[in-house]
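Two complexes, one shared chain (chain A), two partners (chain B, chain C).
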Partner chain A sequence: MKGGLVIYPVTRIVGHAELRVTFSGGVPRAEFRVLNDPRFFERIVLGKDFRQVPWIVSRICGPCSLSHTLCSIFALEAAIGVEVPEHVLMAREAAAELEVAENHLVHLALLAAPDYLGLRGPLELARERPEFVKRVLRLRSALAEAAEGLVGRLTHPSACVIGGFTKEPLPERLEKAARKLARLIPEAEAVARLAMELSYPSLNVSGERLLAVAGGDGYSFTGSSLLLEGHGILKPLEYTHVLREEAVRHSTCSRVTALGDPIYVGARARLNARGVEHLADTARGLASNLKLPLRNPFDNLKAKAIEMVHCVERASHILSVLADEARQRGLKLRTGVEARAGEGVGVKEAPRGVLIHHYVVGEGGLVEHANIITPTTINSYHLEKASEALASARWGASSLRDELARLVRAYDPCLGCATHAVRITVEVV
Partner chain B sequence: MRVVIDGIEVEAREGETILEAARRAGIKIPTLCHIPGLFREATCRICLVELKNGRLVPACAFPVSDGLEVRTATPRVLKTRRMVLELLLAAHRIKCWSCPRKGACLLLRLCKELGVEGIPVCAECPLPEEECMLAQGEVCLGPITVAGCDAACIREGRPCTGCRGPVTRRDVLEEAVANYRRHGVPLSKVLEALSTFCSSSRAYEEVRRLLGDRA
Partner chain C sequence: MKVAVFSLGGCEGCRYSLVEALLSISDLGLELVHEPLLGLHDESYDVAIVEGSVDSREDVEKLLEIRQRARVLVALGTCAVLGGVPGLAEEVAVKCGPRRPLRAAPLSRYVRVDYWVRGCPPPREELLRVLRWISEGSPLKPGESRFPYCREQAASVPGTLLELEAEKCIVCGRCVKVCEEMGVHALGYARRSVSIAVTTPLEVSFDESTCVACGQCVLYCPVGALREVSGLRELLQALRAGLVREAYVEPEALVGIAASLSVPPGKALAALKALGLRRIVVWRPPLPEDALIVPASMAEYLYVKKLYPELLPLTAKPELKLKHGTVLITACLARRLSHSPVVTARDVFRALRKLDVDALPEEAPDEVRLSHELALQKAVGPSQVRNVLESLKARHGVERPVTLYLCPGGCLRGGGQPYPDEAGEEELRRALKAVEQLIKSTTGG
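On to the complex of A and B.
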């Protein structure tokens, strides 16, 4: 540990990464290296018909496939000027919540929790607490099943298209899913309670700016604008003025800063931005002892636990409202789409934070420009700063290596999404 | 008498076959040609199992004897079953879109279990021939895409976009070309759609060559 330490690979995260911390002259320096190969999605969609884009970009990520699908749909609907009916917005919000709950659940219970229970991973957890793991898996299946009723499947959702949904979900199926989710709220609460009661290290990253999606109804995951701490509301297209994206040498993930400061996105930023008053009942009860704003990156896990319960409750509510509407009036889940030139930015709260998709559609409906900024891309610089803070506070401690790995996991990075930029140097001889 | 199947002791009756004893014990052995009470000629050979002496015998016809030791899923058994399935497929006329088994294909189920490719998504498509996406004017890649997804997209009302990659069997492709022609879907559109997910695969090149001649 003399001059530095390398954690490779960081385990129990989505993708491949390495954390490298060096210490010289009393100043720590951290590099978070994303090792996934560049994916070139922004290049792949160029020249393609805009209707194909959501379907292609859904492949960026397995866990948050739906977020990429929906975010690209928001961007393209803005670009070509499509207004969708209210039922579509509701169904999308419910689907987004199901995805968030599923991601949070798996991350909290299987990937992060073992750290604080003195266990080495989910397999050991399954041996030590089989009932807990079974409960988690039951809940996960129920969430996936509910999402299937709405969007076809949770990974690569086939029913989501620009303009709405390919087909109308059956009211019986919606109702059944809503009832099942409502029954599972106590189970979700039990899992969340465990995550809330674990003791986390304290840490502070100075100069951070929280970024979250604003607008939408209550504590929602879809919205119309961005809220940047210390700056205010940003219209989606204005992100280019404030967020700066640059390629770095040590990683395939670019560095994003807001006015020079590290940005944090994710459950903690959302909870700080939206507050607890709009949370669903059980989730609000869980959050009652929490003092906002949360500044400790490890508190992201608590925020996730609260959001997970909130999502189960709210999705159940929206599904039952949709089922009623479907019975009484029938749902309107599709609107016509015509190719038009235009530029649009979509913002969405993916499970791991703010996701931004930006497209320019040319005449004839072909995509001319694409830019995608994922939550992990935004968080990676913040993670480096947090690692430096942790390293300087705990340098020399034998547990530092474990603590750094826990810190990375508290961010729940998704590296397949983040790998993005590649610096190509062409030497002319 | 007692026989040992996959390490499990099973009580068996005189004159029974390995298959009957195994099924009673809840051990699954795949069958195709075997129809109880009607056909037990053991012609398809998909039910081959391995005896202790290394012999491969058809479980549906081989009689049990006391102390017989059988293993139903050794690497050798699985390899042979895959080969048997490939041979069956080679002689099979793959016309899934007009097959009465559509949506419930036994061969496809075995292909999935054993990891054999060759059958297109049409085999698991829930739509009958007259409601086929192609008949509705959509560019559906079902006829040339490897099955195994349970036709997820078609079930959600959108055409197949070929994300599982193309089938490269010439006869399947030729049938597909005839089918696209019949429904007036231009092959250039088919190739364009295919390029979304597999433009860099060798299979794509193969398909392009085959379809390209006719495009």
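On to the complex of A and C.
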């Protein structure tokens, strides 16, 4: 086997990237070249007041901006020692679920699905199956509307701050959003069914380790610790012991390994880690035929479909609980915050997997150190390994090029996240 | 027209949150041909929408190529427009993987930008509005999307005609763009990223800048950050004290007021009387006749003085003092520099809209005195004015006297008119007809 293959640009992903697979001496070597510009967020926040950080780091990534906002808030609340009320935790979990559902929906229905339906993209999808696309957009706008009630807006949320929320949502609005989402569960299920029926090559990556957020209530997206396969539960601050981040020449995104092995995060990792028993009813029904653990990276699509339905159901449930609480006792959605020195790490399940924010706040509340590890950064080494495995199994097949592009899309990489910063020698220009 | 969407450095939240809007642009007669997120890759296009700041040498190369291919370039979102949050980085790496980073900068640092769509992320309506302008070939419109809560204006820094309140400014860039279109370039951006501000070059006062007081920026500002220093209070005081009894109203000002109040001009005249004026004359200030270049107002005079100083000796200076007890109601902001006492139609409209004008009877003007049409050639709008002055400067062509009207659309869209969100083109045309009718019937033919 000899030769090489370059897929550039990989389309229908959020960002610019190229996948390059070369063979020499019978050994495939894959490079996932992220071509987004580095933007040095970890330097931008240095010396800034800690209260400004969530709004700045939100701009790392548009699609998962809520995750960055919340994760930085978790880290900073840990650093300065703030305990937030129960209602805040519930509202944050609901918001996180709305974001996951929206991201999964767009990815599955508009970006990935055309691959498997033999269509060239969402525009063709809209022509061929207008009803399907309308259903997707209806669901998306319902999710965005529900999120608006809680966090102001879905992309770069305005109401999330350290200590809680800047506004208290009206019970009528929460109730209306909850009802609307509940009504749309069958629609979500219909979209998910499409993903459940996809077929793709079998594949697995040897030596992979799962990384997911552990703790939290049931199948949730916020939690207090990390789970690393083959190692166990880690306190957030301990991530530095096991994760290693290094710059590579071929990409603006660094490589992350755990004890030398590729790690995978995201929907597949979450489903493998949490199992199906805590899923909401409809989602559990969808997952009934799956055999866990899912070992094929392509299975990420199925896990996403299940999570999407779960998130719509559970967000609807939490919103209606919050609405009841608001009527009966009133919501407590804010607690006082004072500047204090300290160090904290926040972990969160972003739509694409584990997100880690780490800050040191000095006296006077100025940020002294920041480190952010995003899911796409973690997944990109795993993606290279998976591409190598796929290339070696299917070398010579005419469909390999398409299959590799689909593989990249199955990871749903988000390259704005991946290139928020790069640790290399920095000189003043 | 074919539309392409590109991303430079950024979070891609603009494109992501606007996917639905982008899917719908065929309704505007536009065709989306390049958007990698949707799997579209055509490299031949007319309109390029570019998101993100310029963060690397690779971005610069890509942007220059896009500018070369695209007829129209739209900057999408705060990063493309201002440099955004990445613009806060004071230091960048020299090399990073395959990219060579630069300090993040807005698109306009490297190329000419035709339209800006603001916001982080921008509202969908903003993008669609700009795309509609492009598709229909219509230019930026004054007062479009002016926010209703900013109609009331605070007053006033005495001694100047314009003031800029930085706190209110949303850096939407409409004033900068229209000032550029006027050929004046008195407004621009200073500083970077989140501390960016709209200001005059080197932040000098409007008097010292190239500002010619045409007032177009005031018409375009959607938040009332840029405004005319109001003369309303003085007028009302003078009326109450009985110092002013008579008004001279320019026909164009009467059109503007009547259109904005949505009443026939006769009712607008009655409303003026309700303010305390005893006598109203419909009147157009006479223009000086003894020069090659005749500026319609002080704005055109300042335009020549500041931008074509060598032509100033050929230019008449508009100046007029009205007799005691009268006030001129004008459609032209710059007349406040050359005539006195004077108040703009915009100011008068602010006073009148509190009255129940509909209930008033229609009245005729007490007198109509319009100066004879001079047998001069006219140059209307910034590009005609520029052409005339350029050819005079080069001294070719026949040198006949010419009157300059700088405002695009002439005095009907003068810089002293009420905010255009009150009156669209349609209402303005209707009011113009009604005023012509009124003048004809008053002068008896």
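Heads up, the rule we're going with is that the second predicted complex is superposed on the first by the 417 of 429 C-alpha atoms of A that agree within 3 Å, B and C clash if a C-alpha of one lies under 4 Å from a C-alpha of the other, contacts with A are read in each partner's own complex, and residues count from 1 in each chain.
The criterion applied here is as follows: a residue touches a chain if its C-beta (ideal position, glycine included) is under 8 Å from a C-beta of that chain, and two chains touch if they have at least 3 such contacts.
These numbers come from a predicted model, not from an experiment.
Partners chain B and chain C, brought together by superposition on chain A, clash. By the touch criterion defined above, A:S158 reaches chain B but does not reach chain C. In the overlay built on the shared chain, the residue A:P114 is in contact with chain C alone; chain B does not reach it. Judged by the touch definition given at the top, the superposed model places A:H87 against neither chain B nor chain C. When the two complexes are overlaid on their common chain A, residue A:H104 makes contact with neither chain B nor chain C.
If you count the residues of chain A touched by chain B and by chain C, you find the higher number for C.
Look at A:I56: by the touch rule set out above, it reaches both chain B and chain C. Within the superposed three-chain model, A:V14 lies in touch with chain C and out of touch with chain B [touch as defined at top]. Remark: of the candidate stretches 4-12, 40-48 or 130-138 in chain B, the one overlapping chain C after superposition on chain A is 40-48. Across the two superposed structures, the residue set of chain A contacted by chain B and also by chain C is 56, 59, 156.
Chain A meets chain C in the complex at residues 9, 11-16, 33-41, 43-44, 56, 59-63, 65, 106, 110-111, 114, 120-123, 126, 133, 137, 140-141, 154-156, 247-253, 416, 422, 424-429. Interface residues of chain B, counted against chain A in their complex, comprise 152-153, 155-158, 161, 163, 196. Touching chain A in their complex are the following residues of chain C: 7-17, 19-20, 23, 32, 36-41, 52, 55-56, 58-59, 84-86, 88-99, 101-104, 120-121. Across the complex, chain B is touched by residues 48, 52, 55-56, 59, 152-153, 156, 158-159, 161, 166-167 of chain A.
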